[in-house]
Amino acid sequence: MENLIAPLIAAPLLGAAVLLVGGRRLDRAGHWIGVVLSFVSFALGLVLFADLLGKGAGHRTLTQHLFSWIPVAGFQADVTFRLDQLSMTFVLLITGVGSLIHLYSVGYMAHDERRRRFFGYLNLFLAAMLLLVLADNYLLLYVGWEGVGLASYLLIGFWQHKPSAATAAKKAFLVNRVGDMGLSIAIMLMFTTFGSFAFGPVLGTHEEPGLVGDASEGRLTAIALMLLLAACGKSAQVPLQSWLGDAMEGPTPVSALIHAATMVTAGVYLIVRSGAIFNAAPDAQLAVTVVGAVTLLFGAIVGCAKDDIKKALAGSTMSQIGYMVLAAGLGPIGYVFAIMHLVTHGFFKAGLFLGAGSVMHGMNDEVDMRRYGGLRKYMPVTFITFGLGYLAIIGFPGLSGFFSKDKIIEAAFAKGGTEGWILGGAALLGAAITAFYMTRVMLMTFFGEERWRDAPTPSPAEPSVEPAAETGGEHTEPHPHESPKVMTIPMIVLAVGSVFGGAFFSIGDRFLNWLEPVTGHDHGDAPLSAGVITGATMVCLVVGVAIAWAQYGRKPVPAVAPRGSLLTRAARRDLLQDDFNHVVLVRGGEHLTRSLVYLDHSLVDGVVNGTAAGFGGLSGRLRRLQNGFARSYAVSMFGGAALLVAATLLMRAV
Amino acid sequence: MSTTAVHSLWTTAAEPITKIDAPKIEYGQLSPTLIVIGAALVGVLIEAFVPRRSRYYAQVFVSVVALCAAFAAVVALAADGYGTTKAHIAAMGAIAVDGPALFLQGTILLAGLVGLFTFAERRLDPVAHGNRVDSFAAQAASVPGSDSEKAAVRAGFTTTEVFPLLLFAIGGMLIFPAANDLLTLFVALEVLSLPLYLLCALARRKRLMSQEAAVKYFLLGAFASAFTLFGIALLYGYAGSVSYARIAQVVDGTVTDVDPALADTMGNDALLLIGGALLVMGLLFKVGAVPFHMWTPDVYQGAPTPVTGFMAAATKVAAFGALLRLLYVVLPGLRWDWRPVMWAVAIITMLGGAVVAITQTDIKRLLAYSSIAHAGFILAGVIATSKDGVSSVLFYLAGYSFVTIGAFAVVTLVRDAGGEATHLSKWAGLGRRSPLVAAVFAVFLLAFAGIPLTSGFAGKFAVFKAAADGGAVPLVIVGVISSAIAAFFYIRVIVLMFFSEPKPEGPTVAVPSPLTMLAIGMGVATTLVLGIAPQYFLDLAGQAGVFVR
Amino acid sequence: MSFPLLTATAALPALGAVATAAVPAAQRTAAKWLALLVSLATLALAVTVLVRFDPDGERYQLTENHAWIRDFGVRYELGVDGIAVALVALTALLIPFIILAGWHDADPLETGSRRWRPTQGFFALILAVEAMVVISFEATDVFVFYIFFEAMLIPMYFLIGGFGDRAHAHGEETAATQRSYAAVKFLLYNLAGGLIMLAAVIGLYVVAGSFSLSEIADARANGTLHMATSTERWLFLGFFFAFAVKAPLWPLHTWLPNAMQEATAPVAVLITAVVDKVGTFAMLRFCLQLFPEASKWATPVVLVLAVISIIYGALLAVGQRDIKRLVAYASISHFGFIIMGVFAMTSQGQSGATLYMVNHGISTAALMLVAGFLISRRGSRLIADYGGVQKVAPVLAGTFLIGGLATLSLPGLAPFVSEFLVLVGTFTRYPVIGIIATFGIVLAALYTLVLYQRTMTGPVKPEVSAMPDLRAREVLVVAPLIVLLIFLGVYPKPVTNIVDPAVKQTLSDVHKKDPRPEVEAAK
Amino acid sequence: MNPVNYLYLAALLFTIGATGVLIRRNAIVVFMCVELMLNACNLAFVAFSRMHGNLDGQIIAFFTMVVAAAEVVVGLAIIVSLFRTRHSASVDDASLMKL
């Protein structure tokens, strides 16, 4: 059965190869190849899932050894896959949501002349992501890790003719590279510490512990922190979050799949997978929780201020992943819930993005929510699916977000001590803000008066991103309309998932039991009872929604953004984080390189050229002695003879 | 002061001269020299009696035959073991017949032969009034630009005297490294110098420069030989004899029969040291070592290029040979006195030659300075004072001389209206015009620069190895540095030839007769053979590495 | 006495060079084909060497040993260990692509003098370089190595100075002067290095009395040869200096940008992918084997210089305006990695370094050759003159991107494996150095992506709007390289298998063992 | 009288000759100075020959004279031709070639 793992990855990889190498002759049918292959790998995933369910809880780990990859003395890296409950979960999420989004893209990218390549990239992403979650050692994981980075680079910059897109892509890759540096250092540390970096030996299973037990805590903390750095990069956590907002330059399906549902959650996967290491390094865990808490607030605040619907959702993504990281940082208390929230979030956030995409599709690719309004009657399906996703994310009782998020908040409190209170508080606050900005999005988009009627061309300040730009769509007054089936069906499916997912997982702790053998679990001692916390969450939710209603529901939304408070303006600029980067890193870097280029020429090169010139000058001066007068030559001979004699005598003297 | 000596002098004078036993001369062993000198005399007679139009051919014929015969004689002697086992001193202690002598004589003869070919070249200069002319003055006696000169040119005169002169010079050179007493040394020195002085003055084009070169060379040469002679006088005063063996004994203090006069002078080291220094200085002048080098650039530039080539090659060989013999046979006892001094000379010679060459603009002057630098390298080998040192120097000289003649032969090919175009700017883009010539010249330059797989590298390696073995590591390092500097200007010429656009009014490359081709071919051949498969010649030099005492 | 395979591998291109040079001026195309065929035949020979070589056999195999210059204690002694085999194969592999890529680079602009045959010269010189490089990889006699190490400068020098990019921005005249400046700079740097090495070579002879690696090794083993510490250090420095210039190592690197900038892309590849490898190879082969103690003594300094090279090269690459210059500085950074791996003295480091030499050869070839195709289309080397190329020439852009990704050593492509090995190998013994070096991978991403963004993306510049996509010949050049990059990235085992035993040997030469993991050490 | 004095005289003459070479312009005079040096050498030879009581020195003196004569022949030829070309025998005028 484990022989199916390789095909699982191979299918989309094949798709990518075919589509990218195939050339124009595949332009017509190309996208279907992509869709089919992604569904194939989803099917394989389901088969394997069924197989796992068939096994006993303890024996749900399949490994497949393909070949030994880098066999160098003392350094063995193999291409081996490991399918256990954790990676299974991801496989299903990735292939499932992935396939849906493939389908959606068929409609969404219909007008794009480079659609074939788009699907090639999407397949490439699937393959890389699957490799990431199925790898059996950190080095192979690293391959997938950078693979998804590459795919995201290619897809963010898919409309390369737009400088903004190209820049965003580059930025994403670079920021991720910083994270990758962390990962590679972590691997080196593991190698020097354990002499291996394969999951089995290092982490062990929860029956017999791995080498982790033998290592000093300092080493483990170092490793854990490096892993955290990696996670920050990939999952857009503070301080490496800056790329996610710009990543919205990519086509919306990309934002949905890569920058909401799957890739950005890889960081969480990394932390949960490396749980054994983190458990042994409490300081590192604290750092993780802090990062998570900060990010969940950071993202939420940013989300409140954005008028670009995708950027608003991006902020929300950031914040939701903040929740997951926070949970993952809590250790065994939180791992399961982190993953659970990750999955549910996968559903509803993907759904939300697809909804946003659908809206933009109907609105001539307008992204400014201030030019929306009252769209619910024009695109009912979108409205309903989006609305369900909305309810899910704010944690409306009974929907999936409610279960997963609530558990995380509980876990945060359960951490105990002051940290517990602080983290829990942050989580609660986050919940309130989430409710606020999501309501804001909802209201601005689907309710209120139709601000797009009198809308002239979209503001040139924010050039349109979407395919119309490719097809040179003319900007007359938009005619909002529902999207084609091929787009709405995935939205509906996801909506279903986001409604029932949470309940399905939580009732009877299905998810917990499923994942526990891998991640382990223990119930912390919550200072408050679950009921109280749930109540508090509800209160926050209501408050958030109410404020949003007060601000955007009751009074009309101005078509141009008001100047807003200092915080608002900062939030619009991603809390000035980019400006910081620009001033410190970009400018500083430019100066550094410029001065180095100058030095290389003037100093390093100059020394050599200087010596050469020196000899030249010396030569020119000595040359003068050769003045053409025989008598002066005679003088030199005479002098020479005298010196010779003198020197000889001197030699005898001494 | 010893009255006995005086008395003896009187008495010997008073005694009736019974009989003087005739000196014993091993003609066979001196045959190379004798052949060459004899041929020179024949050449003089030819000048006197053979009609003008056939002189050239007669001269060339005689010279070629003589040189070949002499070379054959050298080979025969060497084969007979005179280089190794039967090495001894011939002609009543005047001339040594041993390995170094034979090796150098062979080299000189071959170099002379090749030089002779360039002398005899008659295709390069445009045909003047229907008769081919070589690169020597139509009539040396006639004033440049005068009617008589024009007349001479119209009549198609050529100075065929150059061939006997060349032979005389070669004769002197053959004796020079073989001379085994100071008197022979001095005479040989003059015999090789005087013809060269004259040859320098005989250029067909640019005669003013030619004459100037001759004057400078002559005056400075005479000046130098005066020093040499004085040095000889002092050494004679010190040792009471001019024979190398005797002086060496006296220096080492191994002399048996010490009469009071000798005892008196022996005590006076100043005589020895000053004398030795002056003598060495005379030889350093000939090899063109700093600071006795200043004649080199001017003379090399002014002299007719074939002469320059011959001079640069053969004179160096002969002079270094003499220097070696002097230092190894006569003054080994003084090693600790002269070595430091020679170190200094070698170092400033290597560096000086290389540095000054950087800014030269005339190809002949450039080569002159490069020859100075090479003199420095060879000196490094001389200083090694070991058998390896000797053989390495011999090897270096053999390789160097042919490359030099070849290089100057190439210089004769590049001509414009005013004769040879020696200014570097004229060489721009030569590689585009005639790649072959440029390539050949590049090979020579690379050999000078000591790039591996050329004779230059093998020689340099041999010399430096010997020096390092002899403990002169600093010398090796200086040598390496100056080679790096030297490389720069050789490369410059190559750049000029290949990478810069040819000038529209640039020079043309004359198509030479087989003679010059032979000379150049010889150069290329030796460059590559000695570069790639030097072992045989190293063996030769190795066997020839021992001086007879 | 069996067929002298190693000699043949070097002799064939040498003869080919002569033959190519001899082709008459008119038959230009014939010369090209001849050169190509010879290079392919050489590749075949190299493959035979590869096949005949037994990784677990003797250290030096296919050895040949003949007397050459007795007086200098020189024997014509050839033999290959795993490292040499890999590099010989690399050389033989790249040359056909170089020739194919430079197919039209040496077509004379104007039919000049009848005798002037640039095309024949160009390809003959390339083959000559191949011959010399190959034999210097195979030489197990220091002197033989030195001779060809030096001699290969001459053909390289003519290649750099004689042939440049077409349609130079400032006219042919200035181009010629810049070229010859670059060529002279190249030659003088390397010649200076070589001559200093010559002094050391002579010194070695004086000390050891032999040039044969094996003899010297034996003499060391049975104690007949004992080098004084100071002597060994001086000799080491003499050798290392030459190799550091060739490699090149900061601060001796400045000749490389000029050379690669002025030379045509294939020649630039020849420099950085083939010729410079001799330098790094020689460090591994000669510095470590002949002077183990001195090597260990110098390690800290060398490592620091290497790290400087890595960061410095990358930073300067970021600051470049000229595509080829950028690649040159990138190479400097990569050579930093190689040297670091060599001197880390761990099996991962040195295997990685060797692998790196191979991979860097291929990746740079891919990137530089595509860059060359790009430049030949637009007639400019300046990054600013390009933009939006991917829209008009997607295949070109795609290959360029892959080459770039290889340069930033993306996992899944060959360079990643070697780079990671080098980093790990260094990290295990020198963590700080390793971590600093890791910053190099971020910078690598920076300069590569900036280059790609500026040239390939964004709105299409009018000058490039008519740019044709890759032609069949060009695809033929790039495609195999890319396939190789991916293959060796996924399955480097064939190379590591060959290299590993040789590296073990080298490590045992310097008496070094890999540090043990902490947990084992604890037990 | 002590023959050593003759040596001093010889040295003196030699120096005078050398100085003459260095300071005089006229080629003929310079040449004469060289001759003077040679003769100084002769004197030294003879003096030494007297001291050592063997004839070598005297023989050498004869050789030297011959050589000197030969030098005169060659030298005068060159100098005269130079003079005829330039109408001056000044060695300083002959400085076309320099640097």
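Each chain carries a letter (A, B, C and D) given by its place in the written order, and its residues are counted from 1.
The definition used in the following text is that contacts are C-beta pairs under 8 Å (C-beta built on N, C-alpha and C of every residue); 3 or more make two chains touch, one makes a residue touch a chain.
Computed from a predicted structure; not experimentally measured.
K.L.:
Following contacts chain by chain, what is the lowest number of steps it takes to reach chain D starting at chain B?
P.N.:
1
K.L.:
Which chain pair is joined by more contacting C-beta pairs, B-C or A-C?
P.N.:
By the number of C-beta pairs in contact, the winner is A-C.
K.L.:
Quick one: chain A and chain C, Cα centre-to-centre, how many Å?
P.N.:
37
K.L.:
Using mean C-alpha positions as chain centres, tell me how far chain B is from chain C in Å, no decimals.
P.N.:
46
K.L.:
How many angstrom lie between the centres of chain A and chain D, each centre taken as the mean Cα position?
P.N.:
Taking the mean C-alpha position of each chain, the two centres sit 97 Å apart.
K.L.:
Take the average of all CA coordinates in chain A, do the same for chain B, and state the distance between these two points in whole angstrom.
P.N.:
So the centroids are 81 Å from each other.
K.L.:
Could you tell me which residues belong to chain A and also touch two or more other chains?
P.N.:
Within chain A, residues 612, 623, 626, 628, 630, 634 contact more than one other chain.
K.L.:
On chain B, where are the residues touching two or more other chains?
P.N.:
215-216, 219, 223, 227, 297-298, 488
K.L.:
What positions in chain C touch 2 or more of the other chains?
P.N.:
Expected reply: 188.
K.L.:
Let me know each pair of chains that touch one another.
P.N.:
A-B, A-C, A-D, B-C, B-D
K.L.:
Which bits of chain A are touching chain C when the two form their complex?
P.N.:
Within the complex, chain A contacts chain C at residues 20, 67-75, 79, 139, 142-143, 145-147, 150, 153, 157, 160-163, 165-167, 170, 173-174, 177-178, 180-181, 184-185, 187-189, 191-196, 211, 214-216, 219, 589, 592-594, 596-597, 600, 604-605, 608, 612.
K.L.:
Quick check: in the complex, which residue numbers of chain C touch chain B?
P.N.:
Chain C reaches chain B through residues 67-72, 112-113, 115-117, 146-148, 150-151, 153-154, 157-158, 161-162, 173, 176, 179-180, 183-184, 187-188, 191-192, 195-196, 198-199, 202-203, 205-206.
K.L.:
Would you pull the chain B residues touching chain D in the complex into a rising list?
P.N.:
1-2, 4-6, 8-9, 140-141, 143-144, 183, 186-187, 190, 194, 197-198, 201, 207-209, 211-216, 218-219, 222-223, 226-227, 229-230, 232-234, 236-237, 240-242, 259, 261-262, 264-265, 297-298, 301-302
K.L.:
Flag every residue of chain B that touches chain C in the complex, lowest number first.
P.N.:
432-436, 446, 451-453, 457-458, 461-462, 464-465, 468-469, 473, 476-477, 480-481, 483-484, 487-488, 491-492, 495, 498-501, 533-535, 538-539, 542
K.L.:
For chain D, which residues count as touching chain A in their complex?
P.N.:
18, 21-23, 25, 30, 91-92, 94-99
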